[in-house]
Every structure is written in C-alpha cells, then in structure tokens.
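Here come two complexes built around subunit A, the first alongside subunit B, the second alongside subunit C.
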Partner chain A sequence: MINLLITIFAPVLGGFVFGIERIIKARMQSRIGPPVLQPFYDFFKLMDKRAYIIHSLHALMGIMYFIAEWFTLAVLLLGNDLLIAVFFHVIAVLALVIGASSVRSPYSVLGGLRELMHMISYEPLMVLMAVSFYLITGSFDIKTILSFNGYPIFQMPLVFFAFLLVIPMMLQKSPFDIAEAHQEIIGGPEIEYSGPFYEAVYTGKWIEYIYVFTFVFLFGGNHYWLGILLVIFTFIFVNLLDNSTARLDYRKMVKFSWFVLIPLAVLNIILIAMWR
Partner chain B sequence: MKLNKFRKKSPWILHYNTGGCNGCDIEILASLAPKYDIERFGALNKGNPKQADILLVTGPVTKRCKDVLRRLYLQMPEPKVVVAMGACGHGGGVFRNFYHVENGVDNIIPVDVWIPGCAPRPEALIDGIVEAIEILQTKSKEKEYIRNHNEIIDKLGAKDD
Partner chain C sequence: MASFVILNILIPWIFALCVYFFKKDIITNFLSFLLLPILAFLSFKIFYGNLPIYIHTSKFFDILMDIYDFGLLFFFLYVGIKHKNAYVTSLALLQITLLIIVLSILPSSSTANIYVDKLASFIYIIVALVGTPIIIYATKYMDYNEKNKHKFVAILLWFLGVMNFAVSVNNIEWFFALFETTTLASYALISFRKDKEAVNNGLLALWMNQIGGVAILIALMLMVKQNGYYYFTDILNHPKNVAIAALGFLSLSALVKGAQMPFQNWLLGAMVAPTPVSAILHSATMVKIAPYLILRIAPVIHNTLLAKLLIITTGFVFVSAAVIALTQDNFKRILAYSTISLLGLMMLTAAVGTPIAITASLILILFHAFAKGFLFIEAGILEKAFHVKYITQMKRLIEKAPLTMMFIFFGFLNMTFVPFGAFVGKWMMIEEASNFLTHGSYILLIVFVGAGSAFLSILYMKVLGISVRKAHGIENIKFIHLPKTFNFISFWYYLFLLSMAIFIAPLISNFIVSIAKHLTNYHINIYSSNLSLTINNSTLYFWQILGALIILTLIHILPYFVKFKADFVQPYNCGENHPKYLGTWDFECIKKYEPFLMAFSIALFIITVVLGGGLL
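This part shows the complex of A and B:
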C-alpha cells in the first residue's frame, strides 16, 4: 500500500527532497536558501511559459524521460525484479541521450555523449548490487529483500561504499557532474529544453532521487530504522561531497568506477559467495 | 488556478555582459553570495536563454556582440523581461559615441527596467529585479516581436534568419 502511494506521489515527494536539498546546500554555503516549496514554484512557472520546441522528437524524448523514470520507479516499488528496474532506468536515460543527440547544439550533443559515459560508469555497479542482494536474501524481489531478517549493510559494506560514490554520478552531483556541467556545457542534455518540456526533464530528476534513495533504503533489510538512517546519512554525505569538491574529467570518472569501485563490489560478492 | 502568480516566485536570470568593465558582473555575483543571497527569492543565475525569464544585460553593446544579444533575446520563451544594468547600458556611459559601440541596450532590444549606477549596488540590483518581476506578471505568453525588427536586422547585417 505504501509502495503504491510512494509510486503515485513520486514527483511530489521528489520535489520536497529537492527543495530540502537546496536549503541544505545553501546552509552549507552559509546562505539562507529558497523556501522548501521552491521546486513547485519553478514547476508552475515553467508550465506558464510559451511552448517552444526544436523539433517534435526532441520534445517527445524529454517527456519520455519523465515517463520512463516514473515507470522505472513503479517497476522497482511495486514488487518486481531489481534487475528489471535497473534496465528500465537505462531506457529512461537513453531517452534523454537520444533527445540530446538529435539537435544541432554542440553542447547538447556533448552532454549526451557524457551522459553515456555516466551510464557505463554506474550501470555495471547497479547490476552487481542487485546480484549481491540476490546472494544475501535469495531473491531479486523487493518484498523479499524488505522482509529479510538481517542486516545487508553489514554483509555487503564494500558494495554500499561503492554505491555511495556512484550516487553523485546518478544524481549529477559535483565530483561527477560531468554531463550536466553548468559552467562549461550549460546543463548538457537539458540545454535545449524550455518551458513545459524542460519541466518534464526537471521533474524526471526529482523521481531519480526517489529511485536512488529506495536502493539505499534496501540496505537496511527489514530493520526500517536502519534504512531510514542510511538514507539520511547518504543524503547529507552526497550534499557534503557536492559542496566540497571540484568537477573531474570524464576519463577519471570512468577509470575510478572501473578500476576502484567495481573491483571492490566484485570482491565483496566473492566473499559473500565463499562464506555462504 | 491563476498560474502567473508563480512567476514572481521563481525569476530565473540570464546574465549577459556586452563588453563592459566587469564591475556590474561582480555586483551580480555579490548578490548571489551569502550577504545578499537572491536565491532566497527563488532567483537563479541560469546561463541558458531557453530556461530564463529575465535577461540582465550589462555593458555598452559592442559591435561584436550586438547580434548575439539580439539572438539571446529571441531565444528566450515568453513571458520575458529585459533589465539593463549600469551606466554603460543606458546609452553607452563612458564609451558613448565610440566607433565600436552601439550606445546602449535599447538600440538593439526593447528594455523594460533600467538600473542606474556605475556600478549599481546589489541593493539596487535586487530592487530592479523586483520591478522586473512586477512587469513579468503583467505580460502574456504570446509571441513577442522586437519593434522595427527588420531595421535592426538590416543594421546588424544578419543574413540567415
């Protein structure tokens, strides 16, 4: 029941998370920051702008990104395979990449290519995480994982560590905000969207927050207090990292992911498989 | 639901320097910094014309960037407001009647709000943005044309639109 509610109200919930994040970010820079409802004000303002598109495929792919993200979250929360949710997330990001590559703006095309670099950095780790959940709880099903009597975080600490450093890649946070680099390629894939179509991309990002933090919550098993603590810790850690680091090159991101994070996750999976 | 009351809650700013001395730009950055913090009012410095509401122009439009300024204006979706900031934007300032200068923002695009001063203080900038938001709320989202657009295109020598 609560899964269904979270799925239906995912954009609203994600908007609140985004608003709180903007306040936390402002407080970390000793500013006051916007009100909590600021993302919704932006939402309604963008709804009132003149619809202004490049061509119809580009606008469709912006809306497709939003729908596919929401569908991914529904697949994840309404009790299906974790793996299928991970693969639907690939489709959502691919919609953004196709839209970004279909226009003539070089910033947009560059952003699309960098988004693909993001994808090859974090998607293998998402699959490895689903596999290690399977090894521990015996199922890819979210209901079985959430009723698993144990602490997945203590059995797969290295996977959690790797996932903690992959979240900045998924949410476009600072050491790895390469696709959306606001100072060099102004927004990357989202640069050519405007008005109601930018709103779709903007709201898709809020749903991505819920998608990522659902995975963090799973690390608590059936100890929901632990899951909530992990979500709060991850939220603050990611924001701290975002505010205290500079942007890296895309090569460094891919190397860091493939030579450090993925071997760590694989090592953890090997240890789990040996002790089982 | 009247949606245009939300326009005052999130004015996104596009800032463009048309060849000034960067004094105004430093004041704009100061208004984003902790002391003045215009993100309290929802204002963001977007840097992208397609997602901005307020075009904040500084400097005496030089010949190199006059066509860029016109294109930035045309790329912003309506409703939009243009704010000219600093003495250079108001008819050239110290650069008036130089050979390379277009004598102010108003010779290229229509300006709604003027912020005087050289350079204006951040308080003056915030005051100008508040004024711009009030004008923004009265504008419609129909397509807006530059008055005497063809003359301006002739003057700029832009061939491809």
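This part shows the complex of A and C:
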C-alpha cells in the first residue's frame, strides 16, 4: 500500500526532497536558500510560461523521459524484481538521449553523449548491487528484502560504498555532474527544453531521486530506522560531496567506476559467496 | 515423419536447381515465395511431431559422404592454389591428411546417422521463418544493378538446405562435411561479386573456417581413440567417459564458426558481399551453428573446467566486441560487431548448461535471428534506396527515410531493451547465475553480462542519436516509394518481433522451455500465467511488459504524428554560428586498446583449448 502511495505521489515527494536539498546546499554555503516549496513554485511558473520548442520530437522526448522515469519507479516499488527495475532505467536514459541528440545544438548533443558515459559507469554496478542483495536475502523481491531480518549494510559494505559514489553519477552531482555541467555545456540534455516541457524533464529528475534513495533504503533490511538513517546520511554526504568537489573529466569518471568501484563490488560479492 | 525431415533438406536444393537452370524472374520469385509456407509448415510439423527422429542410412551414403568430403577438400585445395593463398592450401592439405587418418581408424557403428530432436527442429523453424524471407528480399535486392541474380538466389536456397542438414546430422564425421559445406557456401557468397576485395574476404572466411574443420577432425580422432564412438547421441548417453579434449576441440570449432575474437575478421569481411548475404549469415544460418554446437554438448560439459573457461572467453568477447563496435562508423560493420558480441552471449549461456541457462540461450538465438535479419534487411534498403552506408551519412534519416528509420529504431530496441527477448535472456542468465556464485567464472559472468549489455545499449543509442538529429521539426516527411517486396519483408519481421514481445511469456514457457526440457531432461521452473513470466521466484509482470512496450512504441512511432502547438525557436548556441554538421563521438581513445583486447582474446582461446581440453 505504502509502495503504491509512494509511486503515485513520487513527483510531489521528489519535489520536497529537491526543495530540502536546495536548503541544505544553501546552508552548507552559509546562505539562507529558497523555501522548501520552491520547486513547486517553479513548477507553476514553468507551466504558465509560453512554450518555446525546437521541434516536436525533442519536446515529446522530454515528456517520454518523465513517463519512463515514473514507470521505472513503479516497476521498482510494485514489481517483484530489482533487476528488472535496473534494466528499466535504460528506457528513461533512451528517451533523454534521443531527445538530447535530436537537436542541432552542440551543448545538447554533447550532453546526450556524456549521459551515455554516465550510463556505462553506473549500470553494471546496479546489476552487481541487485545480485548482492540476492545473495544476502535470497530474493530479488523488494518486499522480501525489506522483511529480511538482518543488516544488509554490514554484509555488503563495499557495495554500499561503491553505490554511495555512484549516486553522484546518477543524480548529476559534482564531481560527476558531467552530462549537465552547467558552467561548461549549460545543462547538457536539458538546455533546449523550456516551459512545460522543461518541467517534464525536471520532474523526471525528482523521480530519479526517489528511485535512487529507494535502493539506499533497502540496505537497512527490515530495520527501517537503519534504512532511514542511511538515506539521511547518503543525502547529506552526496550534497557535501557536491559542494566540496570540482567537476571531473568523463574519462576519469568511467575509469573510476570501472577500475575502483566495480572491482570493490565484485570483491564484496566474492566474499559473500565464499561466506555462505 | 522422417520423410518430412528429408523434404526439409531436399526442397531448398530442388528449388535452388530450378532457379539456377531456368534463370527466369518469374520462376525465381515464385519459388522463393513458395518456399516460405512450405518450410514453415514442414518445420512446425516436425517440431510438434514425434521427436526424436532417428534415420538409419545405408552404407552407401557413408561412402558417398566420404567421397564428397574429399571432393570438397580438394576443391578447397584448388581454390588455394588458384588464388595463391598459402593458408587455404596448407589447411586444405592438413585436412586431407587428417581426414585420411580419421577414416582409417573410424570403427563402424550402428547408430543412426541422422538424429532430429527439438533443438534441430527449432533451428528448422528459424531457418524457415527468418531465412526464407531474406531470400524473397534478395530477389528484389538483386534487381538494383547487381549481376547474376539467379545464381545468387540459387546459392542462398542451397545454403538453407545445407543448414537444415547440418543441424540434423548425428555422425560427427558427417557433421564435419556439412560444417565445411557451410564454409564453402560462405566463401561462394562472400566472394560473389568477384572483385579483388570480395575474393580476399572470401578466402579469409575460407581459411578461418577451415581451422574449425581441422578442430573437428582432431576431435574426431581423439574421440575414436579414447571412446570408439563419434555420434552426438553416444556422447550424450555416456557423459562420464567422453574425452574432454575432444569436446575442447569441438568447442574451438564452434568459437571459430561463431566468429569469436580473434577470428572475428571473416564475419566482418562478409559485408563486402550483397547485403542479403550478411543478413543470412548473421541471422538464420552459419553463425548459429556455433551456439547450436555448444548447446549439443552442453549437458556433457556442464560444470567442467572447459565450460567455465568457455564462459570467460565468450563473456570477454561479448564485452570487447561491443566496445570495439563503438569505434566503427560503417553501419553494417556495427551490426556485425554486435552479432559477434551477442553470439558470445549465446555461447556463454549455453556453456553454463543449467536448464534455465539453456532456455536463455535459446531465447537469445530466436530473438537475435529475427532482430538481426530485420536490421540487415533495413541496412540493405538504406544502401540501395537511400545510398547510406556510414553512420555519418545517417543524419536527418528520420526525415529522409521515415519508415526505414522506424524499423531500424525498432530493431535496435529489440537488441537490448525491456521487454524484448535479448533482455529476457540476460535477465534470466543473471538470476540463474546468482544461485551458484561459487566459482570465479560465474562472478565474472555477471560482470560481463552487466557490462556488455550497457555497452551495447550505448552503441545503439549513439547510432540512433545521430539519425534523429534535426534542425527543425519533421514537417516535410518524404515517403519514398519502396518496392512492395521490401515493405512486405520489413513488416513480416516487424510484426513477428512485436507479437513475440507481447506474448513473450507464453512463447517462452510453452515453446522454448519444451526444447530446453528435451535437451536437459530436467524440470524447468519457468511458467507463465496471464501473460506474466515467472522464473523461480521472480516475475516479469504483464503490466511491466506492456508498459515498456507502450513507452518504447511511443518513442519510436509517435515522433511522426505528434505536432505540438508551440512557438518554434532555434537552438541556443551562445551567439556562435550554427554548426553545419554535428557528428558523434568516434571513441578514438578506445582504438588503441584494440590490440590488447585481441591479444587477450587469443590468450583466452589458447587457455580454453589447452586447459579446458585437459591437454596439459
């Protein structure tokens, strides 16, 4: 039931998370920051704006990105397989990339291509994470994992660590905000969207927050307090990282993911498999 | 039922002879259209008939086959001498020597020479439903300033018969003959245009595949020496005391036939031939022998060191072929690399050998055949009707060739996305492998499958990205009139792929699982209810299948229909002039790793044969 509610209200929830994040970020920089409801004010403002579009295909892909992202979350929360949810996420990336490369703007095209680099950095690790959940709890089912009487975080600390550093890649946070790179390619895939269509992409990104933090929550098993604690910790850690680091090159991101994070996760899986 | 099997092999040959001798358009077109219902009927009749079928042949056919073997090898020798190719010549001589040794020690046996089980009839179905449409397509394709249309169609028809024959033989010595016949067919087809490049690539295919033939002969020698039998059924019935080295050599020949690195060049060279050749080599015939052979011996090599090393080798190819594909800019070459990559995945799943893994392998074979046949046919249409060969020429394709672009989009979606077959295969494999992560190769398998599928996804998205690029909306779509044959074949594949995706759960649980059950004799925990697919405890719900299908359908069809009422602007370009042309990444930085990947794959190859085969 609560899964269904979270799925339905994901955009609203994501908006709140986004609002809180902006405040936390501002406080870290000794600013007051916008009110919590600022994303929603933005929402209404953007919906009211006159829509400028490049062409219909591009605008449509913005909407498809939002739908695909929402549907992916539904698959994660209402389905019974983590792995399918991981593979579903590729559909959202497809919509974003097709949209980004459909316009003749260097910024957008470059952003779309960099989005692909993001994908090869986090996708294999998500698969490994799903597998290690299976090894510990005996199921890919999110409900079984959430009723698992144990502490997955203590059995897969390296996977958690790897995932912690992959989150900036998924949520476009510094040092891995390479596809968006505001100072460099001005938002990348989202630069050419405006008005309601931009809002669709923007809301899609809110839903991505819920998607990612659901995975973090799973690390607590049936100890929900631990799950919530982990989510809060991750949230603050990612923002701290975002505020304190400079952007890296995309090559460094891919290398970091492939030569540091994935081996760590594999090592963890080997240890779990031997322990059983 | 035995007569059906024989008809299934002979009818394509008879048709090929008719086409070759009459050389009349109307006969060629009529026969190729007629072959589709005939082969479809026969193959389904065999599949749902009483299986397995054993056909005993008289001694006469054995002698005939030996004579044919020598004829074939001497022809190879002739080709080698004629074109002054040392590889072909020496390998042909080596094969002749080995064949003489094999024939001198071969004991007589009473086992049936032809053995048709569900796996063989599954390949019949693929040949009928995927291979025959390609021939129909070729009848039209060859009308676009190509020479020797009838000869070409005749070779293709003959090739289908050979493929049907190759998967139904039980005697490995016969299998060698058929294996080399497919080599001959690929040589004839690749060098069809007779120019210098075509002949060179044909010779390349010839000598590389001859290595596979040598491997089979060595396997035969070892088998006869150690066990005294040389039949697939005998191997399967006595799994305990089979010479593992022989199986190692058999899988070596599979790897060569499946164009696994470092032998990938012959398949890449096939693109100089007319496109139907690529279509038929990549989808229904030839390379499918590779996973077929591994599936045949899968129950025996299950859980041996050989299987584990095969997993590592093919998994490595799965990833590295996908990586190298990123650096290519020829559309057909990209498709070829993705075939090599996915063949690696098929053999990997087959080598794992558990019932669910075998199911995954069969799913991949079926869906890959349809999707790759489809994509190559569209590539041929692009080449002939729109003169597009390179992905740099694919810009604005969505406007220039809307229908073809839509089909290519759909074909690519089939190769990697939820809920299509390729995804289901990978998903099943990861879930299955998670149950027995006791060996390093199985953990590597998960990394390989996860990484390879990510690389293939970005490859397809990169290609799609460049073809949808547009400065303005798709206002002036020009529907170029395409020949009816092309449209018929395109829709044939499109509708098949679409309906297979919707009904994927019953398709797998009724059709494919029955084959896997037949192969392994185990109960397989895959079932479907209300179009949802359940594997062990995980379910791919129908609402997920339908949702993904709707989203993907909207993404690839809707752009042609949706027109938003909004103000149109130019893209933001920071005040600079708009670039005339925007390319895509060519991944030049990866190219320098290619020699390392090749070296590594050679090392893995040797390790597989030497260690896996227990030669040390």
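Here is the rule we go by: the second predicted complex is superposed on the first by the 275 of 276 C-alpha atoms of A that agree within 3 Å, B and C clash if a C-alpha of one lies under 4 Å from a C-alpha of the other, contacts with A are read in each partner's own complex, and residues count from 1 in each chain.
Following the convention adopted for this analysis, contacts are C-beta pairs under 8 Å (C-beta built on N, C-alpha and C of every residue); 3 or more make two chains touch, one makes a residue touch a chain.
As the structure is a computational prediction, the values presented were derived from the model and not from experiment.
Undergrad: Going by the contact rule set out at the top, does A:33 touch subunit B (first), subunit C (second), both, or neither?
TA: first
Undergrad: Touching A:229, do we find subunit B (first), subunit C (second), both, or neither?
TA: neither
Undergrad: Using the superposition described at the top, determine whether subunit B or subunit C touches more residues of subunit A.
TA: C
Undergrad: May I ask you to decide whether A:50 touches subunit B, subunit C, both, or neither, giving the answer as first, second, both or neither?
TA: Touch partners of A:50: subunit B and subunit C.
Undergrad: Of the two partner chains, subunit B (first) and subunit C (second), which one does A:42 touch, if any: first, second, both, or neither?
TA: first
Undergrad: Should A:192 be classified as contacting the first partner (subunit B), the second (subunit C), both, or neither?
TA: Both subunit B and subunit C are touched by A:192.
Undergrad: Which of the two partners, first being subunit B and second being subunit C, lies in contact with A:97: first, second, both, or neither?
TA: A:97 contacts subunit C only, not subunit B.
Undergrad: Is A:182 contacted by the first partner subunit B, the second partner subunit C, both or neither?
TA: Only subunit B is touched by A:182; subunit C is not.
Undergrad: Per the definitions at the top, what is the overlap between the subunit A residues touching subunit B and those touching subunit C?
TA: In subunit A, positions 50-52, 186, 191-192, 195 sit in both the subunit B and subunit C interfaces.
Undergrad: How about subunit B: which of its residues touch subunit A in the complex?
TA: Those in contact with subunit A are residues 3-4, 6-7, 9-10, 12, 33-34, 37, 39-42, 46-48, 50-51, 53, 77-79, 141-143.
Undergrad: Subunit B touches which residues of subunit A in the complex?
TA: Within the complex, subunit A contacts subunit B at residues 22, 26, 29-35, 38, 41-42, 44-52, 182, 186-187, 191-195, 198.
Undergrad: What residues on subunit A touch subunit C, complex-wise?
TA: Within the complex, subunit A contacts subunit C at residues 50-57, 59-61, 64, 67-68, 71, 74-75, 79-81, 83-84, 87-88, 90-91, 93-95, 97-98, 100-109, 112-113, 116-117, 119-120, 123-124, 126-128, 130-131, 134-135, 139-141, 186, 191-192, 195, 251, 262, 266, 269-270, 273.
Undergrad: Of all residues in subunit C, which touch subunit A in the complex?
TA: 398, 416-418, 423, 426-427, 430-431, 434, 437-438, 440, 443, 446-447, 449-451, 453-455, 457-458, 461-462, 464-466, 468-474, 537-541, 544, 547-548, 551-552, 554-555, 558-559, 562-564, 566-574, 578-579, 582, 584-585, 589
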